[in-house]
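All chains are identified by letter, namely A, B and C, in their written order; residue positions are counted from 1 within each chain.
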Amino acid sequence: MAPAATSQVLLSPAELSFLHSSLLLQPPVRPDGRAPNQFRPLVAETDILPGANGSARICFPDGTEAIVGIKAEVEKSQWRANLSEDGAHLGTGGGDVEMEEDGGKPQEEASSHGNGEMSWIELSIEIPGFRDDDPLPIFLAAMLSEGLLAGEELKDRLWINRRFHWKLYIDILLLSPPLSYPLPLLSLTTHLALLSSRIPKLKSEQDEDPLFDDDWEASLYLYPKLPTGKRIDRPPITLLVMAVGSNIIFDPSKEELAVAEAVLAVSVRESQRRENDTSGRRLNLLSIRSVDSPSRLTPSGVPNTMNTATGGSAPVSSQDAVAQRESIDQKGVWNPPRGGVKRALITRIIKLVLEPNGVAQEVMDGLNGVEV
Amino acid sequence: MPLDTSTYALSLLRLDGRRWNELRRIHAQISTQAAADGSAYLEMGNTKVICTVSGPSEGRRGQGQGGEGGKARIEVEVNLAGFAGVERKKRARGDRRIAELQHTLTQAYTSTLLTHLYPHSTILITLHILSLDGSLLAATLNAATLALIDAGIPMSNYLVACTAGSTSFEESDNADPLLDLNGQEEQELPFVTVGILGDGDKVSVLVMESRVQMSRLETMLVVAVDGCKRVREILDGVVREHGRNMVEGAVG
Amino acid sequence: MTDRRRINGPPSGTQTPIFASTLKQTPTVRLSPPTRTREPTELRKIFLKTGLVPSSSGSAYLELQHSSQLTSLKITCTAHGPRPLPRSAPFSPQLVLSTTVKFAPFASRVRRGYVRDSAERDLAVHLETALRGVVLGDRWPKSGCDVVVTVLEGEEDAWWGDVAGARERGEGWGLMCVLAGCITVASAAIMDAGIDCVDLITGGVAAVVEEGGGKRGEVMVLDPCPAEHRNVLAACVVGYLASRDEITEVWMKGNASAAISAEELIEKAVGAAAATKAVLEEAIKEAAFVKFPELAKSRGGLNDIDMNG
């Protein structure tokens, strides 16, 4: 298998070494002059497609652009034993407790709580130049859906009644070739599209065939708005974080990724808050995944001692070459990183992401500013 | 769902309130994406298309690397988004309808662009259809033309396209031609897509897939060509506006 | 993507529903879910052996202790390489590692097709990330190595008899256990193939589970078997390099609550991985003694075959 297009970086070992050492400085010097926790500016708009339930478009200044369209369709639910009449189900652990919970309520008030299913949300990603079953789109789709499916809230909102439910199709299109690792772009666009998603208001009652209000003005947001205009909760976002030495850098560009020692994708969500709660919001960690760093595929530099052109001596055998390469510890000679990350570094990354007024919070607030 | 065309005869207004020779709202933008060599966004009513052009560049390896005979090769990729239609539908790659659309576009631009200026290179036109409501081929052609202009690829003139239809299949005499059909009308009525080069009467693309009275074709063609000329004026306006902005931006 | 070339059986077995109300006496079917009998920090016993497939450069087989009624993990892995890249491939300064994870059609209760699905491809990406960090790729420019993992018996996502569990199918907790197994077995196969590595990598899983019964206590367990627990809240897999104390792969998901932090979960997963290392070391030592009998006579030490990076 040839290396994926995103992992190919056209930088020489010398350039990589320069980039690496400038990112190692305290504070790190990034090629585009950003602070370590600063995101790239972006242009965003929502509700761009009248034919979709929700949509959003985000452009990064490097020209990468993504569009997300969300469609909801009514689907017949699969019949489940434990959703049928009282006591007619096999007494299994899960079923029992559920019945205890709404034991006092009359049967009609069957709530949507806990009835959501994983399969009600379908997410697909299209990246130009990649097939649907290439590792990159699959990895990205798995990562993004992991965050969305982590909580019960979204799934439960898709429940209409015992017989029907909404099926949510999230189609993510990357319009430009992936110049940088597209994860943050796709995640933020999906976030905005979900925020703008609306589903028609239900007019029928209980287990009737669902009938909806024709008036689009009356439709409900998938992530409901409070009268104050605030949301009860918001979709998750996934951030890309990389580490060089002990420096932690957010939203890395393609060049920065080429020298990363570790790359992590972290999904977070604001925890649900009550109606009158205006106090500080807490962030919940939903998932962490390590991303294969393209730096491991970069060519290593040749030190002067091994280069005949600069007065060194070329190794005579491959064993010799290995021995010489292992023994060099020269600054300015690029060696692709080996091994993994220390646990403490991962802990620090998590802390940086989650801390109040930390990066995730800042990104969320920034997205709040987008008119939905 | 049959289209109720009976009201047309009475009021001479179509379902969406247009008259027979009225175009839908056309909105276009060029240079929408910084990463592409050329890009454009075009709306024809509710049909929305984004087009990006990359090239002329060295072609992908192993595919002949550019065209034969000292000419550039044109490649077209059409991507119909899952959320474009009324119902969510994911089309497999290599869908016949998409493949045909790609072929038509490739043919059209291979003859329109001055490909001999770029030997051994490839021009890739990527089209994303975000919303679909009739006149798909016409919208893609118009969007691609704008994106190619933005990419600065020389062509002899604007290649603009438009659809025209006829109000009924039947052999009655009182059938009117219609300009720029929307999705609903397209499903029900015979229509033809015409692409012309510049403001002359040179037809360079003509696609018709429905059955229609021979005698009506002439009128439909005339109406479509007329529509194309109006589309050309709109697109020309967009290009000139963009050019003016660029010049002003460069000066001050 | 469905497999259209072959005639496939139904994706899962079908059974007529049995209603509890119609049953005269207690059915012979066991209705109570299995429970964990191990200590929270106790791992299942691991069987690991290398060099089972003579036609490959390196191979390994891993099996986890079997408990009643439940499937246990059985994974084989073969490594092919290092070998030259095909002529058409572009130049690569590093060893090109490609990983494939495939469940056998009979590996899970619901039959899997022959075409790899997205979950399998996703696992392969995880595995590649884990291995890329340990392999000294720059010693083999212009070459490739294929690591092929076949899961003969997978871990279940939930107890099969649990309707509530069936509904939650797709959470993929079982996949995380499979990944940990894949990392360990692939590590053994790579060692067997003689590819230089910076360290031995092992996989470990830890999970926060909700214990059944009235109390909803959250308990942290190592090496969870998802079918034994009523609800898994969060889980974490790591690929851990014990002697360097580094992590090349971390995959955590779920709602780690305030009581149990993500850091703690990672810490526990590392603990599980570190415990697995002893087994991996033993298996490699055993293989080395078979390959080099004089080594067994002179010293029983592992230092001789340790790759130092």
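Operating definition for what follows: a residue touches a chain if its C-beta (ideal position, glycine included) is under 8 Å from a C-beta of that chain, and two chains touch if they have at least 3 such contacts.
All figures in this text were calculated on a predicted structure; none of them were measured in a lab.
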| item | value |
| --- | --- |
| Each chain counted as touching chain A and chain C at once | none |
| Label of the chain whose CA centroid is most distant from the centroid of chain C | B |
| Inter-chain pair with the most contacting C-beta pairs | A-C |
| Most central chain, Cα average position | A |
| Centre-to-centre distance between chain C and chain A (centres being mean Cα positions), rounded to whole Å | 24 |
| Centroid distance [mean C-alpha coordinates] between chain C and chain B, Å | 52 |
| Between chain B and chain A, distance of the C-alpha-averaged centres to the nearest whole Å | 36 |
| For chain A, residues that touch 2 or more chains besides their own | 132 |
| Of all residues in chain A, those that touch chain C in their complex | 1-3, 80-82, 87-95, 98, 117-119, 132-133, 135, 138-139, 141-142, 146, 149-151, 264, 284-292, 296-300, 322, 325-326, 335-336, 338-343, 346-347, 350 |
| Complex contacts: residues of chain C adjacent to chain A | 1, 17-21, 31, 33, 89-90, 92-94, 96, 98, 116, 118-119, 121-122, 124-126, 128-129, 132-134, 136-139, 144, 161-165, 167-171, 198-199, 212, 230-231, 236, 239-241, 244-256, 262-263, 266-267, 270, 309 |
| Touching residues (chain side chain B, partner chain A) in the complex | 32-36, 46, 48, 50, 52, 54, 77, 79, 81-88, 90, 93, 126, 128, 130-133 |
| Residues of chain A defined as touching chain B within the complex | 48-52, 55, 59, 61-65, 67, 69-71, 73, 124, 126, 128, 131-132, 169, 171, 173, 175-177, 179 |
